[in-house]
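One chain, subunit A, links the two complexes that follow: it is found with subunit B in the first and with subunit C in the second.
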Partner chain A sequence: MAFLNSLNIAGSGLTASRLRMDVISENIANYSTTKTEDGGPYRRKSVVYEAVEDKSFGSILKDRLNGDQTTAGVQVSEIVEDPSDFNYVYNPTHPDADENGYVAMPNVDVTQEMLDMMSVTRVYDMNINALNAMKGMAARALEIGR
Partner chain B sequence: MRQDDAYIHVTKVYDGGVHMDLFKNTMVSAMDKSLDGLWKRQEVISQNIANFETPGYKRKYVSFEDDLKSALESKVASKNETISKIDGTRVSTEEDETATMRLDGNGVDLEQENIDMVRTSYQYMYSQRVLSDHFSRLRCAISEGQRS
Partner chain C sequence: MNIIPINTVNSLDEIGKIGQSVLGNAKTDEGGLSFQSIFKDAISDVKETNETLEYEANRLATGETDNLHDITIASTKASLSVELFVQLRNKALEAYNEIMRIGI
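Showing the complex of A and B:
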């Protein structure tokens, strides 16, 4: 992997964290959405991360020669829906209430989302730290022989 | 890589019947390797941090110091052999299978990675300084001490 491509590792972490943050925002925004395109209430979404390997020819050749592993960051492999049960709330006046007066509300837990948001923020900060550390090292490498 | 004829011609000086390479001695080679290894380590730390929330991801680590140390301490006939031993030192990336601290099987400790990141940065800075100082001394000798 080329010199400054190393910054892409931390970059991929930032992108993935941002996407997760978007999904969390979507969950919170749809906290009481009872109508979706598929019909039925909104289902909580979450992202699945996976580690990426560098699949370029040069990188694979280098690995075979040196026997070490590639590093290429992280990516979001899919966004999945939470299959857990909806929250049923008694509200007979709601237009989506069933014959017993219960409304199926989305299975979004705001506390959970807030916790996730905090952890994403922390990971985002750490990725920025990693980016800055590599940037600093690259800048210092330029000082050799100065 | 850099062993083309022009390079050899420019950097090899005739010193009392022995060809000496100004830019390729044991110290420069060792520092070169150390910078390479530390860069790779920082890359792997970035990878670990980026995958902090990937289920089942195991933390990776880079080792090269022990190899480099044994290359430096090896008893061989000539300096050139030591240098080629140093240049042949492997920077290896391995996976830490045992480390699991969470339910999702992820083995990354964010605090530990943070500490390692800072340490690697500083080690890189030290190695860089040693190399820079070496080249400063060379420059000082070339300019007869008029300009450091």
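Showing the complex of A and C:
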């Protein structure tokens, strides 16, 4: 029924937040990675969100039958790499140092990643609050006339 | 002495026709609000949400998904649809008892 589809919106928000958290933890874990498969140090990644409709056949059929109510949500459209420059650190004893003794370190700023992580956990909490509120409204509606 | 011939009694046929017309209307009623159609919708909802819950639980157990919230949302949906079904049954039972209390 349509009142159950509204829980999917919060669910998509939770999925998107979890994916962003994965990318942030990958950035933090690769903070000092100077060697990747394509050569060169690790490049910081970030996610791009986009707003979409629920595209499953069952939900679109239900929306048309119930009169044009569209279920929305969020989805990660792509994971982009940060194009900013690497940090060059002077360390001639490092195995990946170039001829001048400089090592290219990843462009990951740990402070920025920690801030992102805090905001992502807040957004996850808010999505869960929205989901509980919707569930509470549906449960209260079922108490009408009891 | 005159013997009055027996005439066939047609009044029962008339009552039967009224009953037929009522049944006909109920069948052609678009999205009829009879208890039966509402119950069918509620039952199919319960089945559907239950299947989704089992599917999501399977996916989580086999590790195909990392989304822990999918199964909690599916279980919330299943419990809501069962609750709706129980309330519908209560209302239908109340209506039935009300009608039975009318008496002869």
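We take it that the second predicted complex is superposed on the first by the 127 of 146 C-alpha atoms of A that agree within 3 Å, B and C clash if a C-alpha of one lies under 4 Å from a C-alpha of the other, contacts with A are read in each partner's own complex, and residues count from 1 in each chain.
Here is the rule we go by: contacts are C-beta pairs under 8 Å (C-beta built on N, C-alpha and C of every residue); 3 or more make two chains touch, one makes a residue touch a chain.
Being a predicted model, the structure only gives us computed values, none of them experimental.
Q: Touch check for A:S12: first (subunit B), second (subunit C), both, or neither?
A: first
Q: Comparing subunit B against subunit C, which has contacts with more of the residues in subunit A?
A: With both complexes superposed on chain A, more residues of subunit A are touched by B.
Q: Is A:R146 contacted by the first partner subunit B, the second partner subunit C, both or neither?
A: Touch status of A:R146: both partners.
Q: Quick one: is A:L4 in contact with subunit B, with subunit C, with both, or with neither? Answer first, second, both or neither.
A: The answer is second: A:L4 touches subunit C but not subunit B.
Q: Quick one: classify A:V103 as touching subunit B (first), subunit C (second), both or neither.
A: Neither partner.
Q: Is A:G73 contacted by the first partner subunit B, the second partner subunit C, both or neither?
A: first
Q: A:A133 in the overlay: touching subunit B, subunit C, both, or neither? Say first, second, both or neither.
A: first
Q: Determine where on subunit A the residues touched by subunit B overlap those touched by subunit C, and list them.
A: 1, 10, 131, 145-146
Q: Considering only the defined contacts, which subunit B positions touch subunit A in the complex?
A: Answer in residue numbers: 35, 38-39, 42-47, 49-55, 57, 60, 90-95, 110, 113-114, 117-118, 120-121, 124-125, 128, 131-132, 135.
Q: With touch defined as at the start, can you tell me which subunit C residues reach subunit A in the complex?
A: 41, 45, 49, 66-67, 69-70, 73, 76-77, 80-81, 83-84, 87, 90-91
Q: Taking the complex as given, what residues does subunit A use to touch subunit C?
A: 1, 3-4, 7-8, 10-11, 14-15, 18, 22, 128, 131, 135, 138-139, 142, 145-146
Q: Which of the residues in subunit A end up touching subunit B in this complex?
A: Residues of subunit A touching subunit B: 1, 6, 9-10, 12-13, 16, 20, 48-51, 66-69, 71-74, 119, 122-123, 126-127, 129-131, 133-134, 136-137, 140-141, 143-146.
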